[in-house]
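In the two complexes below, subunit A is the common chain; its partner is subunit B in one and subunit C in the other.
And now, the complex of A and B:
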């Protein structure tokens, strides 16, 4: 268990000392969403209608930005060799790296979402639901993304391939994330949508490490 | 007893690297791998570490095939490859302490650094290190490791004479405590009574691999 915390702490301190990736994802998120009022015009009704979808799509793309380096940096400097050999099971290492990715990328996105919700003229209940949906849904973005990152770890310029692999898998998160906010705005129950988002996240906690670990081992052959 | 390989064959990318290779390493022993570039020294070490599976043949530790218990095999070995796994933004001490922590350290990171005369640089971010200094930090990992089997792939790359002497002393101490060392090298490490395994360039036609 100490190994898990060591990996988590190392990846977090790398994310904050290098600064780059996490803050870039946040800036990308804010800028992308800000472009929409400029693009579709400042009509409050249209913005409120498309707001949840725009914010979710921007969140998916922002989470992807730093994913291609999740394992690649460790492959390039030989760290991956030693992480594979370490007593900590590789699945746990993957999970720790996903947790660090979520804390450094997912949390800032969640923190910025309410402000962007206001920008998109979303009603208060919609913003609260958006927050809840993002808290429950974004962990799966890091986890599902880790599978793609592990599969493309040895591919040069694998970022595009990673997007093509991972974005289709993000579709359920997008659908239920947006549906939850829509339900809240029209006064329907948000519970089923939030439960489904939690189910996706919990399922990917189990599946992602199991899928990513063999992919990483294969990359070292 | 010990660590041994029988009739090992290694194929990398449709190319036969070596075949029918045997070696035997006893506790306290040292096996030096010599041979021209591309003769399979690194491949043999990666085979022993379990990164690769042999196309044929079998690796045994204390008589048991290493495939039977991969976890136990990983726990008893430590591997030094061509790359130095240091993160540029972390300090030397942070880098070393991470690996020591991951592998259950037997010696404090500071003491291990002192063996290679790196104690004064412990608080320096690793990005400012020279190639030789990076290698010394990587080798200091050996001193913190409790592993029985050391797999060293050209450990002396970029090292100065003092550091080579420190490495030789470290290997001698490890062997005196019953440890085993396998090292691929092009220079004479000055290890007493170390067995040498000579790898030849494969006789079969070699497909050119541009990767």
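And now, the complex of A and C:
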């Protein structure tokens, strides 16, 4: 278990030190959402209508943007070889790296989401639900993304391929994330959507490390 | 199963299967099309547009079936390092993507007169579109690696991850209230459509499956040959480099 915390702490400090990607993803998130009022016009009704979708799509893309470095930096400087050889099972290493990725990119996005929700003129109950949906849903973005990142780590120009592989798998998260907020704004129960989001996240906690670990071994062959 | 890990033995089996599957495909698709387009009764609500069903429904079944076949042969390739299974998976992908595309296009053509719209973002249509993206991603991953062995493994992992989508597509019409009608052939209480429409539909389904088998055999044969040519070229290049 100490190995797990070591990998987690290492990745976290790398993400927040100089040259780390944590704050870049957040900046991308904010800028992307800001583009929409400029693009579709500042009409409050339209913004409130598309707000949840825009925020979720921007969150998906910013998670994706920071994913291609999830394993690549380690592959380039050779530390991936050591992580594979380490006594900690590779699946646990993947899980630790996903946890670090979520803490360094997912959490800032969640923190910024309410402010962006206000900018998009979303009602208060919508913002609270958005917050809950993002807390439950964004872990799966890091986990599902790790599968794609592991598969494309050894591929030249893997970034574009990564988005082709990962975005289709993100679609359920997007659908239920937006559906939860829409349900809250019209006064329906948000419970089923939040439960489904949690199910996706919990399922990917189990499946993603199992799929990503052999993909990483393959990259080192 | 391991008997057919030997490509030569697989090729012999393939040669034996191909004439039969091709003949079945031609006969059943011809018969199914003539029956379905010419003799099956028009629907009491939908009129003659219901005949799109004879292409649309079997191709949807095939798109799902082929992804399933791809996932199973990917698992076989990963677990037992089966030499032909990953080629079967690779050869299946474009066929499945083709059927998926046919299903989406014919569904769109059917949707315009019936629902008044070419496209509707409901669960069945969206999940079918995701299936097409999965096929495309799978094929792109094969292209991304120089070394076919590594490409095979990476693609196999992706195929297995993507197979999560299959039950979602199958049950999307039951789980969500959608514009797309729920299952009417494979239900617990038996098929809900009349025998005069069911028969040509099943003929088409058999025909599409036989078509898949024939093209799969052809494509797998080509993949085995391509792999042999690659091995020969590598051997020559190494021999030349050694001189």
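Heads up, the rule we're going with is that the second predicted complex is superposed on the first by the 219 of 221 C-alpha atoms of A that agree within 3 Å, B and C clash if a C-alpha of one lies under 4 Å from a C-alpha of the other, contacts with A are read in each partner's own complex, and residues count from 1 in each chain.
The definition used in the following text is that a contact is a pair of C-beta atoms (placed from the backbone, for glycine too) under 8 Å apart; a residue touches a chain by one contact, two chains touch by 3 or more.
Just so we're clear, the structure is a prediction, and the values are computed from it rather than from any experiment.
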Which superposed partner A:6 touches (first subunit B, second subunit C, both, neither): first
Contacts of A:82 with subunit B and subunit C, given as first, second, both or neither: first
Touching partner for A:44 - first (subunit B), second (subunit C), both, neither: neither
Touched partner set for A:192, first subunit B, second subunit C, both or neither: neither
Subunit B versus subunit C as contact partner of A:17, first or second or both or neither: first
Subunit B versus subunit C as contact partner of A:215, first or second or both or neither: second
Touching partner for A:154 - first (subunit B), second (subunit C), both, neither: second
Common interface positions of subunit A, toward subunit B and toward subunit C: 221
Interface residues, subunit B side, partner subunit A - complex: 49-52, 71, 74-75, 77-79, 81-87, 89-90, 94, 98-99, 101-104
Of subunit A, residues touching subunit C in the complex: 147, 151-152, 154-156, 158, 161, 164-165, 167-169, 171-172, 175, 207, 211, 214-215, 218, 221
Residues of subunit C that touch subunit A when the two form their complex: 78, 126, 130, 133-134, 136-137, 140-141, 144-145, 150, 153-154, 157-158, 160-162, 164-165, 168
Parts of subunit A lying in touch with subunit B, wherever the complex brings them together: 2-3, 6-7, 10, 13-14, 17-18, 74, 76-79, 81-89, 217, 220-221
